[in-house]
Amino acid sequence: MARHRHLRRKRRHIAGTPPGTLVADPQAPAPSIRMIGYGPAEIREWETCTVAQVQAERDKWTVLWVDISGLGDATLIGEIGGIFALHGLALEDVLNVHQRPKTEIFDDHVFIVLRSLLPGPGLDTEQVSLFVGERFVLTFQERANDRLEHIRVRIRQAQGRVRRLGPDYLAYRCIDTFVDAYFPVLEAYGEMLEELEDDVVAKPDPGHVKRLHGVKRDLLLLRRVIWPTREMLNALIRDETPHIAHQTRIFLRDVYDHAVHLMDFVETYREVASGLLDVYLSSLSTRMNEIMKVLTMIATLFIPLSFLTGLWGMNFDQGSPWNQPELRLHFGYPLALGLMACVAATLIWFFRRKGWIGGKDRD
Amino acid sequence: MARHRHLRRKRRHIAGTPPGTLVADPQAPAPSIRMIGYGPAEIREWETCTVAQVQAERDKWTVLWVDISGLGDATLIGEIGGIFALHGLALEDVLNVHQRPKTEIFDDHVFIVLRSLLPGPGLDTEQVSLFVGERFVLTFQERANDRLEHIRVRIRQAQGRVRRLGPDYLAYRCIDTFVDAYFPVLEAYGEMLEELEDDVVAKPDPGHVKRLHGVKRDLLLLRRVIWPTREMLNALIRDETPHIAHQTRIFLRDVYDHAVHLMDFVETYREVASGLLDVYLSSLSTRMNEIMKVLTMIATLFIPLSFLTGLWGMNFDQGSPWNQPELRLHFGYPLALGLMACVAATLIWFFRRKGWIGGKDRD
Amino acid sequence: MARHRHLRRKRRHIAGTPPGTLVADPQAPAPSIRMIGYGPAEIREWETCTVAQVQAERDKWTVLWVDISGLGDATLIGEIGGIFALHGLALEDVLNVHQRPKTEIFDDHVFIVLRSLLPGPGLDTEQVSLFVGERFVLTFQERANDRLEHIRVRIRQAQGRVRRLGPDYLAYRCIDTFVDAYFPVLEAYGEMLEELEDDVVAKPDPGHVKRLHGVKRDLLLLRRVIWPTREMLNALIRDETPHIAHQTRIFLRDVYDHAVHLMDFVETYREVASGLLDVYLSSLSTRMNEIMKVLTMIATLFIPLSFLTGLWGMNFDQGSPWNQPELRLHFGYPLALGLMACVAATLIWFFRRKGWIGGKDRD
Amino acid sequence: MARHRHLRRKRRHIAGTPPGTLVADPQAPAPSIRMIGYGPAEIREWETCTVAQVQAERDKWTVLWVDISGLGDATLIGEIGGIFALHGLALEDVLNVHQRPKTEIFDDHVFIVLRSLLPGPGLDTEQVSLFVGERFVLTFQERANDRLEHIRVRIRQAQGRVRRLGPDYLAYRCIDTFVDAYFPVLEAYGEMLEELEDDVVAKPDPGHVKRLHGVKRDLLLLRRVIWPTREMLNALIRDETPHIAHQTRIFLRDVYDHAVHLMDFVETYREVASGLLDVYLSSLSTRMNEIMKVLTMIATLFIPLSFLTGLWGMNFDQGSPWNQPELRLHFGYPLALGLMACVAATLIWFFRRKGWIGGKDRD
Amino acid sequence: MARHRHLRRKRRHIAGTPPGTLVADPQAPAPSIRMIGYGPAEIREWETCTVAQVQAERDKWTVLWVDISGLGDATLIGEIGGIFALHGLALEDVLNVHQRPKTEIFDDHVFIVLRSLLPGPGLDTEQVSLFVGERFVLTFQERANDRLEHIRVRIRQAQGRVRRLGPDYLAYRCIDTFVDAYFPVLEAYGEMLEELEDDVVAKPDPGHVKRLHGVKRDLLLLRRVIWPTREMLNALIRDETPHIAHQTRIFLRDVYDHAVHLMDFVETYREVASGLLDVYLSSLSTRMNEIMKVLTMIATLFIPLSFLTGLWGMNFDQGSPWNQPELRLHFGYPLALGLMACVAATLIWFFRRKGWIGGKDRD
């Protein structure tokens, strides 16, 4: 199952490797670099470019956005790191794609790690690393995709604030895109829980427990991503770094509110799922109770009657007047039937008094 | 069911839309504007007014209260925002009516989001947005209603503090109105729990579990509204903004106490509901125990006796003296009955010793 | 039941009433005022006095203690509030007797709300409101009673610190009296739990669950009072108000320790009660297990034997040599009995191997 | 049971007694005073001494250690308090021996309350009160004992730091002694839990639940002592009092680590105990399941067969060719047996398919 | 079992021993000392060396790394402590190898305690103690091993930062090595849980509970090590000590992130394990339900039919026309069979209506 990958997210870091050593995952795709340089007035875009071009454009633009997709080449990523003077540990974290979301403030830049949900049924996430410096934004993604395309469109169209404001605003737009992508997923879980709720209340079924367990487990995994995302945003808003302008902090507070809202969903859904398990178990107990009641009623009613039929089915020698004289009575059989009816009536009266018959407490 | 809407509260925000873009919900009713301008001495009221009128009255009054009901027109709301220089993100939150309660302090105004309970059986809430500036209060509500009418009455009658004090006091009166409206709802849950408590203790029934689950779920939803309301009030009291006077903070502390009281109710009720589920389950187990005891007693009593009747109902050839000689005894039948009575008496003695008969531990 | 009143403690505050409006509960008893003025050297006492007398004695004494019992007269209480310049919201809280314990620091006085346990079986509490100002202490109680009499006795006898120290020390003595009154109640719950513990371990009974639920619920209610009492005391010790002398804070720390101790009791008892519920349920399961074992043993032993008796009770035509030849054997019956004994012995051996017979794992 | 005393630890404080009143427990033993005065160079020891001697030696030594065992004489303890200018509330706490561990910093001295475990099967504790002043240490114990003898030995032998350092170091040594005494007790619970773990996993038994409940309860009581001990040590390290030297704080941090370690044990053991209860209950359910399976198999196998024997045991008039013609068949009986064998085989096949037979999921 | 040692980790500290007394465990291996002195330019290594050599090289190198394996000689360790002026309490903790991970900041050095996982099936850990001073690093390990060999290799090869930076960086490399060694262990638990998850969902088995209990218990033990490791790293980053350079703190923040990641794994796994226990128990209940349903159906179907066969197997005197006239009917037997078929059909219809037959809610 897809979700298995989440529980034991293997770290490729080999114990003993010195820190800051860049080792690319051999299975990772080769990097391709997209670059946009822009300012309020001018803009230039490179669909694919080389490290040399990046080096050349460095410091020429108000904002230089270098978007690297694919992490399969440690040397190239090291070179990019050299151009922008990125910290070695941060670069190592870019390649080691199993980081928790976090913010790290360095003197020259801010390093942000995010997890972006992949489309598909599993809850697979991809690591997105952002560097925000004085005049640049670097984004590292594991695979090429068009999730940030809508921002590029706005930059090209010179619409809105993005052209007027600095790299921190661009970074905010990227973070906002990745965080908001969690909403439809959580809404899908909300819908699933509502359906389960209707089903469990209407007709509990063992399949529900497995689905509930699956939902709880997935929510656990989502919490493991959303919680540190919230912390990451909080650190970004709170920390005193010159790379995030006061104005941008107001926008980041808005993303922070979204992350809080997401956590809210996750926690509420987890509690609803736990509550549903209780409903399932108690309705199972209730049904067991009812089944037992039926069995007990039938058994308790017929066992004494069967004893009586057995009694009069015995073959004692009819020669002795002491042996089963009732069998020789003229009205023996009707009397026997009457006695059985009396026993049955008594037992039914007893069941009624116990509240086992009468519909009131059946479901 | 009405309450389903709560679990997955859809956000209409389309990923990729730049922040601060105002998009109205096409199904939202068209806005209507009510306005009151007042000071200690004078007052003027407009039942419905235009954006131009709002613009004209701006800064003419000690307090200008603009109350907009209906959020169906993004342009109009944008124009109002322009008149009072409201922040773009705040205006976006006004239209996107699925915010959690929060306070945001801007330089020129304070932005407050509240959730107001709608009348009716479900726990539907509506978003109320408040802006408090130097000389104005703006209230945005989703639908026209008369919940704030009692404040207008007091303003007209020039009674109490509301005419003497500034916009912050007016905002406090609005917040107080919405927060206090949660009390009767929580009291209704309190009553429901008390009835359930009496019922569950007296006669547990599977319907109780569903009702308990419903109550727990509703309390979860209420907590999701009340908890951030408390935080919102706390931020309002604590934050150093010139728009909230020291004197008003004392009043807000009172609303804060109410919110704490509400949370207190919610948490206590949740614990009582959980406790009742335990009582239900344990009483189910107890009844199962008793049912099983009855079944076991009857079965254990009659199964050996039935075996005996079966034994003497066998058709072994009576020609051989070794075959069932007891059937040919003169007192065979009375002896057999006596033996059965002995077996039954022994078993009943055994049940008594086990404590299964004797009333002591029946419920 | 008495305790029902606690779960939904109705607030009489009508939404829409402007804050600070004094409305007395029509069922509250009429107020009676007792007053003591004292200093290190002189003392004067008024058993019942009028508002005018209170006005006259204001500021004449080192400590003026006005003790109002009964809150049925909003005008009178408003007048008293006027004499001592009490804050309107605080006065409203005095009349609205469903406040949580709290401390509010105003410029001129400290306002303290406490809850005092009423004697009787239920956990009914009454609100006690204290105002501590520079030269006065006001105590408002819902009903006349002699709980503070012992302090008056000490004042009259000029014993101890109370005559030498200021109004804050007198307030401390009052708070201490009300907090310490919770100890015997909690000790009673401790005793109840110990008895329940012995009972549940010795002989679990369905009545125990109801009693445990009752104890847990009562402890929940006590926690709802004691927790904010602790917070109230903490605020009193911590807040920088000139109305509480440093020396008195040491005494208040002692009351705070008592409140911590009370919370400690409540939490421990709640955990013990939860543990007892587990013991109850597991002993129920154990007994069910044993009952099922007996039923299964008896049924499993006799059902195959009964099948054999049924087999040889069939009426196949004895004319054919193939039909039930065993019935015609000379030693058929003894052989049949022997076979049954073998079956029974085998089954008993099987039960022993399973560990169902042998006493070891019976309780 | 010994442990009962813990749950409801009676406070002797009579409500209404003014604070600081010294009332000795009439059952407490009479105090005996031991005193050692020492400095780096000189030492003098008094095995039993009078209050007058204590008064006389006050201020003559670098460290004067007065060790009072037995709290039965309020006057004597009041006099000692007078000599060292102890705070009245602290002295009251010395006599009222049901305090939680705590530190109180007064201007002239530090007051420390500890609880010392008594030897024996119950978890009875005794209160130890310490006062640390500029040149003295006072220790108050409920009963005479030799727990601090090893410190006296070191003082006499002039070994180690104790003779060189001040009263704070002596106090540290006392505290260390009492805290370390909890380790063997917790290790005993660890051993008990390990044994229980082996037993519960191997062969669950109802007695285990009672033992687990006992262990959980005892750990609850231990936590109630150890948690405030940790807090007490934390306060002692953190608070800015001149009576604890910086150097001694390093030693106290070591005791604090021990207390943290103890809490760690308590919490781990509590979780292990809860886990064992789950194991017990699930193994009970598993056994119930197995018992039910055996019963169901036997009953389901033989009930249909018995029905057939009953069928052919009926006494319909054999004169009619329609009445039970099978009984008159030449091979009726073998055919009947064959039919029964088929039914039994079908049922056994059904059980196998259900997975009820086959050993795999038996325990 | 190996893991038993963890629950009750015996402390060897004898109560009464004065603090700072060095007592070696008599079973600990004799110490062997390895030493490397290095600076950016020069390096010298001693495979085994004496205390005198350590003394001689003190202060000659930029970094002097003394690695002591084996703690069996208290004198030797005391001498080393003397050379580097280590604090007595810290040295005592080095020998008393049951410390929790912690950081202690002394004036002259930083003392760090870590726990290193031993290879093998149990979760045995060994204590590693580090001292970081101005020009030295001391590492104390319980047994000789090659876990730090890879660092020595880098020092010899003069690669990376280790030769250029100070003792704090070396200490960071050691800590990083020990912390990262927990990852493979946790991944193994992740794999185990995934397997268990598949198994429990597919086919619950009593053995699963024991394995789940084992996993939860082991995770509890891991948490007991990892949690204080996290705290230790936090203290190291936060504390203002000159012995840890600002640059190294960035690296330590990376290790701290790893420790947070480890805690994350532990907590997620614990919740998954708890969830699986719920799945197990609910599937047990479901199976019990199904078993009971089968039993009840069979019993309820055949018990009334058997009663009828018993009825017509009675031996009432056929002479009387009132006695069992149905037995004498020409079509008595077919009619009886028909009646039985009707009863059976009715019962089956009843079961269907109850939802007990029809496959839908079987698993």
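Lettered A, B, C, D and E in written order, each chain numbered from 1.
Following the convention adopted for this analysis, a residue touches a chain if its C-beta (ideal position, glycine included) is under 8 Å from a C-beta of that chain, and two chains touch if they have at least 3 such contacts.
All values reported here derive from a predicted model rather than from experimental measurement.
K.L.:
Would you mind working out whether chain A and chain E touch using mostly the same residue numbers, over half shared, or mostly different ones?
P.N.:
different
K.L.:
Between chain C and chain E, tell me the centre distance in angstrom, where each centre is the average of that chain's C-alpha atoms.
P.N.:
39
K.L.:
What's the distance between the Cα centroids of chain A and chain B, rounded to whole Å?
P.N.:
24
K.L.:
Could you tell me which residues belong to chain A and also touch two or more other chains?
P.N.:
Answer for chain A, listing residues that touch two or more other chains: 281, 285, 288, 292, 295, 299, 303, 306, 310, 313-315, 324.
K.L.:
Moving around the ring in the sense set by going from chain A to chain E, list every chain once.
P.N.:
Cyclic order starting at chain A, direction chain E: A, E, D, C, B.
K.L.:
Please output the residues of chain B touching chain C within their complex, sorted ascending.
P.N.:
150, 154, 159-162, 173, 176-177, 180-181, 183, 187, 190-191, 193-194, 201, 250-251, 253-254, 257, 260-261, 264, 268-269, 271-272, 275-276, 278-279, 281-283, 285-286, 288-289, 292-293, 295-296, 299-300, 303-304, 306-307, 310-311, 313-317, 320, 322-324, 356, 361, 363
K.L.:
In their complex, what parts of chain B are in touch with chain A?
P.N.:
Its residues touching chain A are 4, 7-8, 10-11, 13, 15-16, 18-20, 87, 89, 99-100, 102, 104, 106, 203, 205-207, 209-210, 213, 216-217, 220-221, 224, 277, 280-281, 284-285, 287-288, 291-292, 294-295, 298-299, 302-303, 305-306, 309-310, 312-315, 324, 327-334, 336.
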